[in-house]
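Provided herewith is a single structure, encoded as structure tokens, for subsequent inquiry.
Each chain carries a letter (A, B, C and D) given by its place in the written order, and its residues are counted from 1.
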Amino acid sequence: MSSIKNIGVLTSGGDSPGMNAAIRAVVRASIYHNLKVTGILRGYEGLIQADFIPMDGQSVANIIQRGGTILKTARCDAFRTKEGRELAHKNLVESDIDALVVIGGDGTFTGADLFSSEFDFPIIGLPGTIDNDLAGTDFTIGYDTAINTVVNAVDKIRDTAESHDRLFIVEVMGRDSGLIALRSGIGVGAEAIMIPEAKMGVDDLICRLETGRKDKASKIIIVAEGDEAGGAYVVGEALKEKFPKSDIRISVLGHIQRGGKPSCMDRVLASRFGVAAVEGLLAGKTDVMVGQINREIVFTPFSQSIKHIDAKAISPTWLRLVEILSL
Amino acid sequence: MSSIKNIGVLTSGGDSPGMNAAIRAVVRASIYHNLKVTGILRGYEGLIQADFIPMDGQSVANIIQRGGTILKTARCDAFRTKEGRELAHKNLVESDIDALVVIGGDGTFTGADLFSSEFDFPIIGLPGTIDNDLAGTDFTIGYDTAINTVVNAVDKIRDTAESHDRLFIVEVMGRDSGLIALRSGIGVGAEAIMIPEAKMGVDDLICRLETGRKDKASKIIIVAEGDEAGGAYVVGEALKEKFPKSDIRISVLGHIQRGGKPSCMDRVLASRFGVAAVEGLLAGKTDVMVGQINREIVFTPFSQSIKHIDAKAISPTWLRLVEILSL
Amino acid sequence: MSSIKNIGVLTSGGDSPGMNAAIRAVVRASIYHNLKVTGILRGYEGLIQADFIPMDGQSVANIIQRGGTILKTARCDAFRTKEGRELAHKNLVESDIDALVVIGGDGTFTGADLFSSEFDFPIIGLPGTIDNDLAGTDFTIGYDTAINTVVNAVDKIRDTAESHDRLFIVEVMGRDSGLIALRSGIGVGAEAIMIPEAKMGVDDLICRLETGRKDKASKIIIVAEGDEAGGAYVVGEALKEKFPKSDIRISVLGHIQRGGKPSCMDRVLASRFGVAAVEGLLAGKTDVMVGQINREIVFTPFSQSIKHIDAKAISPTWLRLVEILSL
Amino acid sequence: MSSIKNIGVLTSGGDSPGMNAAIRAVVRASIYHNLKVTGILRGYEGLIQADFIPMDGQSVANIIQRGGTILKTARCDAFRTKEGRELAHKNLVESDIDALVVIGGDGTFTGADLFSSEFDFPIIGLPGTIDNDLAGTDFTIGYDTAINTVVNAVDKIRDTAESHDRLFIVEVMGRDSGLIALRSGIGVGAEAIMIPEAKMGVDDLICRLETGRKDKASKIIIVAEGDEAGGAYVVGEALKEKFPKSDIRISVLGHIQRGGKPSCMDRVLASRFGVAAVEGLLAGKTDVMVGQINREIVFTPFSQSIKHIDAKAISPTWLRLVEILSL
């Protein structure tokens, strides 16, 4: 039988839609298993400052549908130091918190991995990031909402593109990963998608545009912010030079991609993950991230999960789709 | 090398969001492979009436984001007769259409299966139904959009439930399948879900409500229309009798669940399926449905696909989730 | 100078989107004028039960975008009795609350009118109802959101109607008033609108349908729930009898019309009204409802405001529009 | 009796949501009055190139809910020349078009005013612009949709701002007018709004931020793109310098503000205006813009309508609201 009696839960790193659904699931699964559950505010910062709040079923009522995180999140340089982590551990011990669920991305898990080893402290992670770039899960919490936000935004831009026979270059999030760009690009019916993992340069793009269907007057190019070609503005300048008579506009979608009500899929994913994390801790698991692969719950060591998934493997299939669908 | 030169495409059965994205993908994949492509209006009805329109890349411009189907859909009793199917075949032959892509649900595939055998005619099906109840695919086109529509509607109802401390019984689609109810029920944070596959009767529901958290004033019960307890009104009457002082309301979501802009996931799924169907036909496949299992494209014989998936196998896991999450 | 030092605020009657924005504005305007402000829970019920909470700027943070009401609302029979109102008055006096802002509809204002006269107690009302049926304001808080909810729902239904060449009869809220039906009916491009104030019977409707454009295959009829013809089901039965070959479906939108995030217009209206109510009380106004007529803030005695606005005066203009626009 | 037999309709300038609803109303009102109606593509450009299409009731089916304009729009330098306008007039005469409805903003009306005088040609304008900056109407077609788009986008950003205790500077459209910023700023609960018409400089903003409520951790500043302080980036740099420890981010909403499904209000406004324009032409009106003031249809000479409405007159009231509501 597990000796865990009080689980602490925190969110860390950039917020993503569905984090609140995950917190709710952690809290209610703890109650189901007769555990105490403690909210830790502002991620690792709250761990160091002992910013703890007791939580019950009511604490997480009516939050499943809200974006952001009620526990707040922050960057925390102090947690990268040995002293910081020792203070965090002391605070946990003094508050009788004997296990942690951390919700975040690779930075969060790097810290958790270290902390878990240093203090032999049970920790399970939940993948909460819009980027979907963690190994060990088919989908991260927030990715589905983010690609729907992109699709809805670009649908609006398409109205203007169609009305004016314009070409729009739309930059979406993804510093190291083209996964948001790839899937949302298919979703909006983009004429081309530029991602860090595929080496389509501006010249290839120009070639594609020159050989495309002639009667197609409006076009949408999706560019991941981390693309080597340099982002939407650089691509835009090159196209304007090449096609001086075309009406070319740039739109950087920016921060709207992180927020908003989570989609049904993200709420369900977060709910499953939250329950699995609590039950995983009770079953003695630690130093792992919960994920879903082929619809089954799996646990992956933090050290594996934080290896960036890049879209290299999958991008040829998807980029071929884009090419076919733009005919 | 395939002898197919002209692919006909039709939508049949109840419409579902993403059908237009599927049509677009079939048309453009045909163009990519230098095939002609012909739109058939109103499903099998148009096959019998030779209601055909030639399609090109422009025909499907700017439809990926639209609900419904530009090819229209209809019930067709005549196609259930031998004479009807013979006429349909004659029309196809006369118009030089030598393969079909049919988009729909189990009724559509039953017809396709028969037609394909009788006339040795190449047909591939795409799963287009909000119910997600077909074997051979993890998801059908339209399911993800439908559960998001339910979630968004119930979020609104939750506002009123919270404000009035009310219990709402919300009926969602699913005559034979509880899959819409199960997943959307988790998504809205329902206190209980009643589906045909699980034998939770009204008595169990009453018991659940009586033993639940006392400080929880508002509640949402999701009932699949096909539930044996008899739908939302029957359940509502029983609860009103048992809890005469409670403020109990019923809402039947109805037809809004079929329409609307497809979600990103449904657009991507439909796009993949449409391309896979055309390339499957060219590779000699016939009498099969395209699906996606564990993120890979698979082909399943029609006769297998139309076996109703019920949620019996999965429902214990999900219903346990509901119980935990409502604490 | 006003002797008011502590304003109580409550919401009563059916909830409507924007009530939270109104509460926020009342609270912050009170702070701006150095007043205390007290939240009263569950409308007049909380007044009788002395269910009061002190509020500050933080109490209303991050609620402007939420449907429902954080102060909750309820029916209260006790407030209709002299004893109930005396108890309410005693509670207010004991808590040093010396003025009230009540947010609701005609039932709310009838109570407020009585209470204000009986105890010479300063009260100002804010029109919070989706029905838009109060005299003394061009728009009530929640109406704009409700008609947008109807329009978005019927847009989805239109997808199915178009795909199947169907006629849909959609019932919208409005027991005594056709104002939701009229404006949303124009918004969705309805073929006909049936409201209590206009005597278009089923026969007229049938006549309209028979003489309409022949190539129009799908149709939407909007029926207000209070229509004399008897609601969507009665109209539907009559049409099915007359047009047995037509594919006719009925959808009752129901409770989704009350909830949801308020539209920008409702947030702005509620914000203006909340500030105007506090400043009105300070200026000595009482027994009046705040409203907006021709973009200016006006105050109307409760006794005038609760005279139901019906759409009789305006309906000929709007119904002529419907006729023209359906050609 | 009017001699008008064939009305031409075009959209010009930047597209705005509701233009399609306006086109639909012009077409159907023409049919109602037994007139021919001709669509002119790409604004004045199509007039000069005789790019005309006959329209009937079916041409405008199922477009009321779509953003953009099915008639397309474009800039047209040639129409600014005498030769261009003479060619346009010749084309109209040759096609027997004897009156025009032009849908657009001030640039559109300047051209219409000139053309109408030069050739004594009947023209009525419809205000189609998201900026709401035309005299002669309380609201332009597209404004209500645009402010709802802003509000929905900033609600998402607020999720992140709350989660991270961040300050966001959000730039909205409005080169010469702060009307989008003012109303959407109230709607999102902004802490401050910077518009061209009010002289709140960066110093005033800093002062406001320093004296505001201390426990408020996240803040939203709305800046109109035309603000004299120089747009969101300039304001952001100044704030970062002043508050180096604060977490400050910038978001420029950009082109999403022009597109999207029109709100109910914009659809109704566009529908009324379209009918009024046709009936105005038949009644002999010309060289005027249709508008709505205090809920009544009014006609204003083009020369009056194109005087930019600025928010100077109304901004003190609104900016005081912002100040009160941010407490």
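Just so we're on the same page, a residue touches a chain if its C-beta (ideal position, glycine included) is under 8 Å from a C-beta of that chain, and two chains touch if they have at least 3 such contacts.
None of these values were measured; they are calculated from a predicted model.
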What are the chains that chain B and chain C both touch?
none
In how few steps can one go from chain B to chain D if every step must land on a touching chain?
2
Going by average Cα coordinates, which chain is farthest removed from chain A?
C
Can you check how far apart chain C and chain D are, centre to centre, with Cα atoms defining each centre and the answer in Å?
28
What whole-number Å value describes the gap between the mean CA coordinates of chain A and chain C?
39
Chain centre separation in whole Å, for chain D relative to chain A (CA means)
35
Which chain C residues touch at least two other chains?
155, 158, 162
Pull out all the chain pairs that touch, please.
A-B, A-D, B-C, C-D
Touching residues on chain B, where the partner in the complex is chain A
24-25, 28-29, 31-32, 57-58, 61-62, 64-65, 138, 144, 147-148, 150-152, 155, 158, 162, 183-184, 186-189, 213, 215-216, 261, 263-265, 267-268, 271-272, 275, 294-295, 321, 323-327
If you look only at chain A, which of its residues touch chain D in the complex?
11, 14-15, 17, 19, 42, 66-69, 72-74, 149, 153, 155-160, 162-165, 168, 249, 251-256, 258-260
